[in-house]
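Here the structure comes first, spelled out in C-alpha cells, and everything after it is commentary.
Each chain gets a letter, A, B, C and D, in the order it is written, and its residues are counted from 1.
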Amino acid sequence: MEGTPKRPSNQELLLQEILQEALELPLSGEVANYIPALASVNPNQCGIAVANLDGEVHMAGDANVPFSIQSVSKVYGLTMAMLRMGDDLWRRVHMEPSGQAFNSIVQLEWEHGIPRNPFINAGAIVVADTLVSHYSSSKSAFTSFVRNLADNQDIYVNQGIFQSEKSHGNRNAALAYLMKSFGNIEAEVEDTLDHYFFQCSIDMSCADVARSLSFLANRGVQPHSGEQIVTRRDAHRINAILQTSGMYDQSGEFAFEVGLPAKSGVGGGIVAIVPNYGVICAWSPRLNQYGNSCLGMYMITRLAEKLGLSVY
Amino acid sequence: MEGTPKRPSNQELLLQEILQEALELPLSGEVANYIPALASVNPNQCGIAVANLDGEVHMAGDANVPFSIQSVSKVYGLTMAMLRMGDDLWRRVHMEPSGQAFNSIVQLEWEHGIPRNPFINAGAIVVADTLVSHYSSSKSAFTSFVRNLADNQDIYVNQGIFQSEKSHGNRNAALAYLMKSFGNIEAEVEDTLDHYFFQCSIDMSCADVARSLSFLANRGVQPHSGEQIVTRRDAHRINAILQTSGMYDQSGEFAFEVGLPAKSGVGGGIVAIVPNYGVICAWSPRLNQYGNSCLGMYMITRLAEKLGLSVY
Amino acid sequence: MEGTPKRPSNQELLLQEILQEALELPLSGEVANYIPALASVNPNQCGIAVANLDGEVHMAGDANVPFSIQSVSKVYGLTMAMLRMGDDLWRRVHMEPSGQAFNSIVQLEWEHGIPRNPFINAGAIVVADTLVSHYSSSKSAFTSFVRNLADNQDIYVNQGIFQSEKSHGNRNAALAYLMKSFGNIEAEVEDTLDHYFFQCSIDMSCADVARSLSFLANRGVQPHSGEQIVTRRDAHRINAILQTSGMYDQSGEFAFEVGLPAKSGVGGGIVAIVPNYGVICAWSPRLNQYGNSCLGMYMITRLAEKLGLSVY
Amino acid sequence: MEGTPKRPSNQELLLQEILQEALELPLSGEVANYIPALASVNPNQCGIAVANLDGEVHMAGDANVPFSIQSVSKVYGLTMAMLRMGDDLWRRVHMEPSGQAFNSIVQLEWEHGIPRNPFINAGAIVVADTLVSHYSSSKSAFTSFVRNLADNQDIYVNQGIFQSEKSHGNRNAALAYLMKSFGNIEAEVEDTLDHYFFQCSIDMSCADVARSLSFLANRGVQPHSGEQIVTRRDAHRINAILQTSGMYDQSGEFAFEVGLPAKSGVGGGIVAIVPNYGVICAWSPRLNQYGNSCLGMYMITRLAEKLGLSVY
C-alpha cells in the first residue's frame, strides 16, 4: 500500500539481530593501513546483505555503502579469465592451497613462478596478466563485467585508492617481476600491475557483491537475469578454490567453523557462497591478524549457524 | 526366492560400469615402495564400495578385499582424539592446508612444532600422541573403535606391514623428535610412533571403510546402528579438514574436480564423504605422483560426475 | 738491449705452463647464456695475469683481452660504498655467507629485505643504490674509479651487454622491488638497476683487474701509485667477505681447496687476492654449475698450489 | 732461581691487560640454558691462553679451569674423521657456509640429508657417525686423541653434562633421523648421538684447547711433540672451514672483524687459529645472541688488533 513502509522480512530481522550482536562486541582488530587511502575509512561501519536465489537481496546496517572490495575482486578476475582462457588458465596458476601468508614470495620461487592458486596475490596477478593480454581494454572490460553481474551501472573505481595502491605496490611488483623472470607474465609488468591495482580499487556495497556473485550459488546462472554466466562445473570449481584458499591463512579454519566457500578482502568485505541458497556479503573495516574482517567473520559465522548453512 | 542370486541394484550396475572403465584405462602409476611389505601387493586389484545412509553397501570388484589403509587411518585417529580432547586438541595441531608435500619437515620448523593439520604425517603423529597419553592401551582402543564403526570384528593389523613401517620410519621419527623438541609430544617418541605405525598398518576393505565412516555423511550418526558418533558440528568440521587437506598436495585439485571431502592412503585407498548421501571408498594400489590411487581417483571422479555429488 | 724482445720472467713461464695445462684439459662447462650478448663470446679464450706488489703485471694467454667483468664489478662497487658510507653501510647489507644459490630471493624475504652480503645480487643492488643516492652521476663516478685503480683510461662499458642485461633483468627487478617494499632501496628502482647493470657490463682484461685490485693485497695501498685507496682494516674486511662469499655457492669449497679471498663473474673472470703477495686474475668463458669459470678455477688452484699461496 | 716466581712474559702482560679490559665491560649475554647442567656454571669466569709455535702456552685469568667444550669438540671430531676417511668424508658432508641458524633443519631437507658443513650440528653428527662406524670404541678413541693432542691425560667427559645432553637432545635426534631417512647415517641413531653428546661433554681448559690445536697453525705439525697430525693441506682445509663456518651465524662478521679461523662452543669457549703464529683460546660463559661468548669475542678481537694477527 502506497506510503506504507515495507515491513522487514524474517530474514531481515535475523540480519538485524546478528548485526546488533556484532556491534555490541568489544572492539578488536585494526583497519588495513598499508596504504593511507584505506586507513582513512570510518572503522565503525558494518553491514550485511544476503542475495537469495529468487533475486531478492536482504540487508542490514551499512549494506548499501560502497567499500573497497580489494581481494574480493579476485573472484571476478578469475571468472573472466576462466571464460576467456578455459583450461589453459591452469597451466599458469594452480589450484592448491598455499599454506603461507597471503603474499609470500617464497613458495613462488620454489614452484618456478607458478602461483599456488588464483586467490593469493601472485595468482591474481597472473590472472590480471591474462586479462590484459586478452582484452584491448581490460580495465573497462572488468568494470563492465562487474556492473552487469551486480545489475548496477553505478560501480566505479576509487581513484584515491587506485593511486595509493600503485605507489605502495613494491611487493606486488616484486612478485610480478619474479614471475616474469620465470616466463609467467606475458604483458609488460607495469600494465599487468595497473590492471591488478585497478580491480582491487573498485568500490562496491555488500548488496552489490552479494547480488553479483549469486550465479556461484545457482549452478552458474544469475538469478535476477537468468543468464548463464559460467557452466555449472565452473561454478563448482570456483567455489572449491574459494573453500580451500579464499580466506588467506585462515581458510582452513573458516571451512572448519563455517563450512562455506568464501573470499575476503583487506577492505573488510567477506563474501560467502551458499550453494543452492544464496550469497552472503558482510563488511566492516577492522581486520584480524589474518587480514579478515573481525565483524564480518562474526556475522557470517552466526548466520551460518542459525540457518544451518554448511555445505557439509 | 530360494536359490536365486540377488539381482544387482542400479547403483551396483553403475559401480560395475565405472570399475570396468577404470580397468580398461592404460596402466599408470606405481605401487608405494618405501616399505617392502607394501610393494609386494598385487597391483591390479581394484574395488569400489558405496555405503548409503539407509545402511546398505553397494560394491564392485575387489571391494571386500582387505588392504592397508595407511593414511585413511588418520580419519579414525582424529575422530578419537576429538572425542577425547575436545577443543584442546586444536592447540596442538592446526586445521590449515599445508601447501607442501605430505611429509615435509620445513613448515613444522617454521611453525614451531605445531603441525598445520591432522592429515599430514606430523599432525597425525600429534594425534597419535594424544591417544597414547589418554588410553591405557591406545592400540587396542583404536582397533575396537574401528571395528565398531565398521560393524566388523574381523579387522586386524597387518603385522608384516607394521614391522616394516617401524623399521623404515626414520623420517617420521625425525618429525616426532622435532615436535618433541618444541614440547608438542607428551609420551615417549617410541610409544607415539608405535601407535602411529600400528594404526597405519590396519587392513580394511572398501566396504569396511565406507560403512565405518558413514556417520560423517549423516551429521554424526552411524546409519546402521543409529549411534551418534560425533556431534553434527564435529562431523562438519572433520569433513572441512578432509576437503582442504585430505588428498596430500592434490587436495585443491580434488576439491576443484570432484568437490567432495576425501582422504587417501598410500595403500591405494581413497574414501570420499558425500554429505546427506553416503560414503564412497575406492581402492587400487597404483599411485600417481602425489601418492593418490590412479584408479581410485578415476572411479570417484566418474561416480561424482554421473550422480552430481559435489557439495558445491 | 735494443731490438731484443724481453725474456719471459720465471713467473711468466709458470703462468704459461699452467695456461697450457688448462688448455689441454677436456672441454667442460657452458658459456653463460641468460643474456644473448654474453652467449656470443668466443668460449675458447683463456688468460691469466698476476699483479705483484712491486707494480709489475705478469701475463699469459688472453690476459689483455677485455671481457665482461659482471660480478667482479661488485668488488669495486663495495669499495666505493665503504668509502662513501663508512660503517652505515652495514645496516643495509650484512656480511654473512648466504648458503643459497647466488640469486635466491628466499633468504631476502626471511631477513626482511637486508641482503646477507654485498656479493649476492641483492646485496650488490643495495650497494648500487647507495652509489646512485650519493653521486650525482654514479655511472661515470664508477667508471672513473675503476680506470684510476687500473691505471687505464681505456676501460668502457659494453653497450650491447648493458642493453641486454636491462632487458633480461626481471629477476633482479624482483629483488629490488622486494627490498624496496622493506624500505631498503632509497632511489627509484629503475635508476638503481640502471647503475647495477651498467657496472656489470664494464669490459676489462685480466691485467686490468689484477692491477686495479692490488691495494687489497697491500693493506689498502695501490702499489703502482702509492695511493691509499682504503684503510688497512677495510682492505682486510673486503678480503674477509671475498673469502666467505665471493665464489657463489662454491665459496666454501674455494676456501677449502685454494685458501684465497676471490670473486668470480659469469663472464668467466675470477680474481683472487694473495695478501702481501699480489693479485691473480684468470679468465675463460666456460662456467661450471656454480657459475664459476672452469679453467679460471683450474689455473688459480694450480698457481696457488705451486707457489704455496694459501692464507692458512 | 729457587723461590723466585717466574716473571710474566710480555705476552702474558698483554693477555692480563686484555682480560682486565674484558672484566671491566658492562655485563652482557646469558649463559646457555638449554640444558640445566650448563646453566649452573659460574658465569663470571674468564680466561685466555695463547699457545705459541715454540710450544709455550701463555695464560691469564681462568685459563686453567676446565669448561665444557661443546662445539669446539667438532674440530677434533672432524680431524679424526678426515684422518680415517680421507676425501670420502666429503661425499657425506659439504664444506659450504650454511647461512642459517646453527641448528636449522630446513637446509638439511633441501639438500637431501647432506649437511652444509661439519660445524653445524647435522654435519658434526655425520662426522660422529663415521667415528662410530670406524672405531670399535669411538668414545675412548676420541678421548685418547684429545688427550694426546693436549699432552694432558687429565681430560675427562663431564658426566652431568653428558646425561643432560642426552635427555635434552630431541632436536639433534630429529636431525639424525632425518639424515638417516636420506641414508646418510650408517650406525644406529642412538649410538651416533651417544658419541656426539659424549664429545660435546668433554671438559678442557683454555690452555688444553690452545695447545691441542697448535698443529692447525703449524702446517699440521704439533709443536710440542713434533708429530705430524694431519698433512699441511688438511691443516689449511680445516682452517678454511673454520673461517667460513666456525662461529655459527656470526662467522662472516668474525672473519670481517678479526680475520682468523675460529670455532666457538655454547660452553663459552672460542678457539682461533693464527697460521704460523699460534692458537688462542678464550673462555667466558655468557653468550651473545649468536651463541658466541661475549668476553671471548672481545678478548680475541682485541688481541688480534694489538698484534695485527689477521690472515688478510
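Throughout what follows, a residue touches a chain if its C-beta (ideal position, glycine included) is under 8 Å from a C-beta of that chain, and two chains touch if they have at least 3 such contacts.
Everything numeric here is computed off the predicted structure, so don't read it as measured data.
A.B. asks: Using the touch definition from the top, list the chains contacting both chain A and chain C.
C.D. replies: none
A.B. asks: Which chain has its C-alpha centroid at the greatest distance from the C-alpha centroid of chain B?
C.D. replies: With centres defined by C-alpha atoms, farthest from chain B sits C.
A.B. asks: Go ahead and note the Å separation of the Cα centroids belonging to chain C and chain D.
C.D. replies: Their C-alpha centroids are separated by 33 Å.
A.B. asks: Between chain B and chain D, what's the gap in Å when you average each chain's C-alpha atoms?
C.D. replies: The computed centroid separation for chain B versus chain D comes out at 49 Å.
A.B. asks: Counting in whole Å, what is the centre-to-centre distance of chain B and chain C, each centre being its mean C-alpha position?
C.D. replies: So the centre of chain B lies 56 Å away from the centre of chain C.
A.B. asks: Of all the residues in chain B, which ones touch at least 2 other chains?
C.D. replies: Touching at least two other chains: none.
A.B. asks: Run through the chains and report each pair that touches.
C.D. replies: Touch list across chains, by label: A-B, A-C, B-D, C-D.
A.B. asks: Touching chain C in the complex: which residues of chain D?
C.D. replies: Contact set of chain D toward chain C: 94-100, 107, 116-117, 235-237, 239-241, 243-245, 249-253, 255-257, 259, 261, 273, 275, 310-312.
A.B. asks: Please name which positions on chain B make contact with chain D in the complex.
C.D. replies: For this pair, the touching residues of chain B are 104-106, 109-110, 170-171, 173-178, 180-181, 189.
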